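Each structure below is given as structure tokens.
Both of the next two complexes hold chain A, though its partner changes from chain B to chain C.
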Partner chain A sequence: MKNKSEKQAKSVSPLPGERTTPGDDHRENGGGEKEKPYSPFKDFVKKFSKQKMALIAFFAIAIIIVVAILAPIIVPFDPTVDVLSQYSQEDQDQLGDNRINIGYQWVLSDGSVVEATRVPMVDSGNRRVVNARGSADSITATAVNEGETFVAVSHENVTNYLRIVVTQSQFYRPILTAVEVTPGKDYFAPGEEITLEIKGHLSDGEVLEDRSEIARVIEEMEELQGSQDTTGGRIVGQQVETVEEGVLGIIFGNMDEEILTIEEDGRIIAAQEGVGTVQVSLGGLSTVVQIPVGPTALGQAEPIVTAFQFQETEAQLVDLYKHQPPSTLHFFGTDHQNRDIFSRVLVGTRQTLTIGFVSVILGALLGTTLGLIAGYYGGRIDSLLTRASDVLLAFPGVLLAIAVIAILGPGIINIIFAVAVFTVPIFLRIVRSSAMSVKNMTYVEAAKSIGVKDYVIIFRHILPGTLSVIIVYLTMRIGTAIIIGAVLSYLGLGGDITAPEWGAMLNAAKDNSRNVFHPTLFPGLAIVMTVLAFNLLGDGLRDALDPKLKD
Partner chain B sequence: MKKKKMLLFVLLLVTMLVFVSACSDVEDPVDEENGEETEGTDDPVEEEEEGEDESGMIEAGDEIVVALEAEPTSLDPFNSTDGVSTSVQKTMFEGLLRFDENLDIVPYLSESYEYNDDATELRFTLREGINFHDGTEFNAEVVKANFDFVLDEDNGLARRSFFNFIEEVEVADEFEIIIHASEPNASMASYLAHPTAGMKSLDELEKKMEDPDYNLDRNAIGTGPFRYVEWLDGQHVVVEKNEDYWDQDHMAQVESIRFTSVQEASTRVNQLKTGEVHFVDTLPTGEADSLMDEEYVNVFSGPSMNVFYIGMNLQEEKYQDENVRRAMNHGVDKDQLIAQVVDGFGRVADSPIAPPVYGYSPQAVYEYDIDGALDLMAEAGMEDGFEATLWTRNSTEFTAIAEFVAMQLREIGIEVDVQAYESGTLFDMLDNNDGTDLWIGRWSPGTGEADWGLRPNFASDRVPPNYNNSGFYINEEVDQLLNDALENPNEEERLELYHQAQEIIYQDAPWVFLHVVDAVAAQRTEVGGIYIMQDGSVDMNGVHFINQ
Partner chain C sequence: MATYIVRRLLQMIPILLIVSILAFLFVHLTPGDPIRIMYGIEIDQDTYQQLREREGFNDPLPVQYVRYMGNVVRGDFGVSYRTRANVSSEIGRRFINTFVLASVSMIWATLAGLVVGIISAVKRNSLLDRVVMTLSVASISIPSFWLGLLLMQVFAVRLGWLPTSGIGGIRHLIMPAFVLGATVAAIVARFTRSSLLETLGEDYIRTARAKGQIRRNVIFKHALRNALIPVVTMTGLQFGFLIGGAIAIETVFSWPGLGSYLIDGIINRDYPVVQALIMLFSLQFLGVNLLVDLTYAYLNPQIRYS
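Coming up: the complex of A and B.
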């Protein structure tokens, strides 16, 4: 910009068609300062420095350019990769876990604990909060959203719960994780009513023996049920006829109808000798109990699985998988793929500015050349070029750019080209009109009269006269070009959709804009501020260079 | 100096952030108030609508409005393969059999059916006294004409290959029909229960045969509880109650249904909130939470048969070593994918087919293990990784998965370039093997059983352009198992064969097995009777208003 202004300053003093060397320029310039004549450049600097907004914009742009150049070095996180894999151990400790593997073993009816040989069925009480599944050696629980839920682990007729809290919870009480049922006696006689002792195990390790307390905990746990269907509705393992007992809502399922009978009121009666098995379900939890009938049945029973023994029955997780809010770790938060938005915005500056500068400079070069030719020669060339530019100007800018992308295919180079294409007619038109007025100046006439070649006249005598207009438009158009570039990549025409590009970031974030504000806010702000800076700078330049341009 | 300026810039941004977030905090209660207000005024709004529409043909309140994610491609069940079209067609067309809500096969236009001993014939006794919407009678001749029509290659119908197990359709009596299969096929009933096997009027078929320009896609004459009214391009498809429906117990309970196509998911959500539409399928999972709090909206989710996977072209040298394919499976964290991309509404795919599919057998999941994956890559001589191109559909659902997978594969050295295409373009590219490399796929076997879940994707004879095996997975053992299973009428043995086939495929890892999504949909509380079938299509033949 500075250089161009200098050029303009030189050109005001008419130089006859002699070809001057750069050395000459310099000498002449130096000479001019000694005599302190009117210097248009100094005049411009003086006028420009009076405009505070433009000055701020100028520095803002300088910073943006520096950021663009240094972005890959100064970003705290890799903008293309999930931040989870980039945390230091320290960060990780501070944040907490987002996943836990809980080992499990089987508890058999004889009290022994053995390694499980089959993978249990695992389901989360609310998959909006926690997602869980079982594998050969552990239960994996993954945090999804803030809240609390239980994870149901089932094997055949046994179901136990795990309590999982994600980030923080409204429900802060321990939950019932298992029911333990033991026969009231060593063995029962046929015809005798069977008594069962029921204990409830809480997630904090406490054991409840009082039935009314168990009932209270179960009632409270209803709050935890998500709106989703869970294993509650699914029948796991052997299907048995069930009878519900009135008081606690315990459901008994008779698995050996020959040995035991269950009355409708929930009483269990021993029918004949042998080992009977009963499934006991309570609030979604269930277990089985073996009931020996007759003295011969003692020790006869094959041990069966009655419960799970977990490494832990409670776990605290954090939901870090996406949309982390702005924090000291992530200034702008993270996006839907958990990438650091601050890093992405900074790195995106480079591509945005590249699109803005390269496309406008390309368009300006071509447009200015054509405009000078049209303005200088006039006649048929002029009308041909003017009509062509009118055709291009008839399209709205974005539409034209989309048409170009449709032909060339998506990609950043094609975006640059597309933006350049619709910049051409704007420069053509503006340069043409100012070339036409400069053309009638006497110094041009003078140059012509001594036989200076056309291209020399165009570039040495006419171009400098149009420079101020070109500079102003150049600055203004960069803002527009950045917007069009962002629009195109917003529309998914930018090629790589994973690239850290402001428009593409907005596009990816728009679906969640109802729930989270930061993924759309920051790229949007970046666009607004950059474009605003270029426009303010353009305004300032216009006022400083040529107040007459202000229509 | 420069650093200071940068800091200043950052500071400026942070200040703006604080300002804006402060604003949003203040706005929150206002939003809630607004929410309540709209809820409160819901009923008056609807009354107003009623008032307005009374002058029209249909009384408001008797019309159900459904927002679909796309416009149907055709109203001819034989000529469409997408779930959206199926949802619309189901109101107008019925087949000999159908799946009920539990995916059990039940007779529909037939009284009963039975296989012969070696599963080569399926004999139907048709229901009598059924008329099409144009008044023509439904009988065995019509059924034969329908199947002959779809099987005729000259008609070029999209679903022809679906029916190519049929060798001949024999009319035994006016209401008795026998389907002869070219090979023993114990899955015939599942195929015929698929909504694709909907019967259309003989008159329509004749019109089409006389005049090839006659457009069956826009002329839907079936036997269903609703009849076709109009299809305005880009706006809606309207069906109205069929007063002469054969099944008096299951008459339509609303005057009409209007299917609108609203591609933008957030628009569908807004329309539902304001009561403009009554039902929205394929809800963005991120929206489900906020909708759950709405008083007049019910959100429901359930297991689906949609398996998401990354297909890979096994003709490419880089994927020929199974260690590479397994490494890729180990390199993608499926749990994180489910938490992050589908907000928990999914399960890890532990088989090439989803749990509700008949014949499903779970396999040991490829656990997320970067080190193990890198070892496998090294074993295959691919320590330095390679470059790959991942094709995806351009909808949010798919691109989010593609972005995620690309990031994850980068960690095991695979530089993935994600390219998004419109779904039609993508299918064409896959069917023509236009430089296929990696692609994100979704498959749901509409027949609900393992054969249609495995054969189109893994059988040697289904490579492009024939069907969906776009990765050129060739394994004769799998072919043999699939054929044996299809021909075996013994249920236990079939299940065992399918189990083996899934085991081999999962071991061979021709896909990166991702996840099975849950179907998430939402409806206004004033309507009921809508079911999402596990194949993803919607059954709304029993739809009704609850408070009226």
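Coming up: the complex of A and C.
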């Protein structure tokens, strides 16, 4: 910590702090600027500008204040309304899809791949997750809620199950969406061994042809989800389970045992002429294909549909309705009512700063006045005020503020008042001791001796002397006030919990913190940055204005 | 000493009385009719009047106050408007929870703060020292309830190592106690460091070194003893602040203690609960402050209260 060593260096000479006082007084009395080479303000600026952290904090606070003032103009979205209605077309494209079209084609028994001529049967396994609809050339799936489901696509006997996930993030590990199985050859003769080509479509659009790569993806998925035994499609007919390379387990289901036989090791042998139906189940997804066997099949007038082929299987849907993750469109994501958190944080700056500034200034005004009175007059009034402030200081700030809220009821104005109440005794105490030391200065004595009235002495001669202490504490207390304000509104004592206020935002995020994190993260970071800036500035001011003043 | 304690105890009485009057008045000054809160809004006028009479709300305020305080002295804080449960027994049940949480937090925070503070002072300007000082500045800028939410997300939701909330075994205690104690630990560390550094600059330390004492002895036998006196005071005072902080932390972790009881009471306008807890907390802080003063006097032979 560089600051530390600088502090140490400065505290060696206690003079500057004292020099500030008479300097101020000179100016008050209208001393000519030119005759006086020493300017306390310049001295302060010089010392302050040496402190890097405090300077950074100072500019940070300046930016925060500018943001607070301009917030309603610069917010990208209306902070109080669902963002869905505020999207332009461009935004929609950027966001990722909540609707996909998966291209769909027929593989015919003559080996050709053609456009489908009939609309397939499309059925969504869970309509609360995905709605699916088919047309001749594609299957359209629309996200409804976060989750995972299977969409069955079928034409006669040929069926494919597609796994479709709806997530809140576009950046998700790809999962296996569809298993595409095609007979390796157009026609098989009886007794011939049939090889099936298996392709895995991943949700990021990649197509894997290598079985070991498919196995790796399946293994990753299982690790991620635990042992999930939901399977798209029940296995029917004769079941043969194979294990290949130790990992890739394919389950075959044979529906026509006369036409095809499936060996224990997974080899499929054509037994008799006809059209066989085989179900291939892999990684929870099953696919039913038809395999024509023998010359009669060859001689058929019209080729039959043996399997489906898919294109554009980026079956990764994004739930756009709430809790969108941070993206280039929503820097901080959206909250449980799909409101833009970035906009809310910006607008929340206003209320947070208002609570910080107004409450501390109120408390400081009252505390300073009482402190000046106590310090200047002393005696009975002093002991009464000191006693009262000691009692208040015995209570922790949060509890005192909560007690005030308990009496006044929840609400922002009451929070300001509550924070002001516990600020009063702090200022009373420090201003009192500062005033007591200034009171004995010769210039105060001089003013008294020429019959200047008490209140003039207090505000014209003593107050400027205590000003540096007041400014330092004012800055430091603002940070504390912001934290206490945030705690109170987090606890639901701020009245309107839907307001774009950082503490209230954290309160609202609390109920969903199990699933999503960004609504908790960003408002909290905003609090930390702001409070840190005020604390660092306070430290810097303390070192620059009064090196003796240390905790 | 005994007279001092008695005098301090007597001084507490007027403060407690003022607190009790304020707490009592707020029932009658805030909007919201206790009868309506207790029995619902839809009761008719006749029943309403009967109930007011039966619950004693028609008596003059001073009479009600005296009756209430009479009950309080006998340990009866009335019944909750919402649940009709006895407030005293509920407080008794929850007090244990808050006490356990606050004590565990305080113990780890003090021990960690002392150790880290001493090491920081002895190895001044070392890496550890810098890290500790940076953390202690950061710790006063981070709202502890938010730190709680962060930890909950990482260790409970993502990693699943600890339960998210509620009360149960030691595992339930780890996160709330850590969060609650973190700020105190940072403050104690910082204070210990500066106090020890100041003491190490004293003449008698130089004398001890000059007469050939080894450094470890000087630090632990000469410096630490004196350096720790203000630390004890400060640490004691932190206990009160820790209980204040516990209010938010209990709410974050759904810890069934007095703090969450108070917040629920305020939100539900459950006045007997709020009234009782405000008085109880006040008593607690005055008690802690007295204890701190007494410990201070015991440790520092220069101070003798008469």
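Just so it is clear, the second predicted complex is superposed on the first by the 285 of 551 C-alpha atoms of A that agree within 3 Å, B and C clash if a C-alpha of one lies under 4 Å from a C-alpha of the other, contacts with A are read in each partner's own complex, and residues count from 1 in each chain.
Assume a residue touches a chain if its C-beta (ideal position, glycine included) is under 8 Å from a C-beta of that chain, and two chains touch if they have at least 3 such contacts.
Source: prediction; values computed, not measured.
A.B. asks: Just checking: does A:Thr80 make contact with chain B only, chain C only, both, or neither of them? Give me first, second, both or neither.
C.D. replies: Touch partner of A:Thr80: chain B, not chain C.
A.B. asks: Please indicate which partner A:Ser135 is in contact with in the superposed arrangement: first for chain B, second for chain C, both, or neither.
C.D. replies: Once the two structures are laid over each other on A, A:Ser135 reaches chain B alone.
A.B. asks: Is A:Ser286 touching the first partner chain B, the second partner chain C, both, or neither of them?
C.D. replies: After superposition on chain A, A:Ser286 lies in contact with neither partner.
A.B. asks: May I ask you to decide whether A:Leu532 touches chain B, chain C, both, or neither, giving the answer as first, second, both or neither?
C.D. replies: It touches chain C, and chain B stays clear.
A.B. asks: What is the contact status of A:Ile402 with respect to chain B (first) and chain C (second): first, second, both, or neither?
C.D. replies: A:Ile402 contacts chain C only, not chain B.
A.B. asks: Quick check on the superposed pair: does A:Asp496 touch chain B, chain C, both, or neither? Answer first, second, both or neither.
C.D. replies: first
A.B. asks: After the superposition on A, what does A:Val144 contact: first (chain B), second (chain C), both or neither?
C.D. replies: first
A.B. asks: Count the residues of chain A touched by chain B and by chain C, then name the partner with the higher count.
C.D. replies: Partner touching more chain A residues in the overlay: B.
A.B. asks: Is A:Phe517 in contact with chain B, with chain C, with both, or with neither (first, second, both, neither)?
C.D. replies: Both partners.
A.B. asks: Once the two structures are fitted together, what part of chain A is touched by chain B and by chain C alike?
C.D. replies: On chain A, the residues that contact chain B in one structure and chain C in the other are 492, 510, 513-514, 517, 521.
A.B. asks: Within their complex, state which residues of chain A touch chain C.
C.D. replies: Per the stated touch rule, the residues are 1, 4, 391, 394-399, 402-403, 405-410, 479, 483, 486-487, 490-493, 506, 509-510, 513-514, 517, 520-521, 524, 527-528, 531-532, 535-536, 539, 551.
A.B. asks: Applying the document's contact rule, which stretches of chain A touch chain B when the two form their complex?
C.D. replies: 59-60, 62-64, 66-67, 70, 74, 80-82, 84-85, 98-99, 124, 127-131, 133, 135-136, 140, 142-145, 227-229, 319, 321-322, 326, 331-332, 336-339, 492, 495-498, 508, 510-515, 517, 521-522, 525, 529
A.B. asks: In their shared complex, at which residues does chain B touch chain A?
C.D. replies: 2, 5-6, 8-10, 13-14, 16-17, 20-21, 24, 265-266, 269, 284, 286-290, 292, 299-302, 335-336, 338-341, 343-348, 364-365, 367, 394, 396, 399-400, 402-404, 406-408, 410-411, 417-420, 518
A.B. asks: Hey, which residues of chain C end up touching chain A in the complex?
C.D. replies: Residue list for chain C touching chain A: 15, 22-23, 26, 29-31, 130, 133-134, 137-138, 140-143, 145-146, 149-150, 152-153, 157, 164, 194, 240-241, 243-245, 247-248, 251-252, 262-263, 265-267, 274, 278, 281-282, 285-286, 289.
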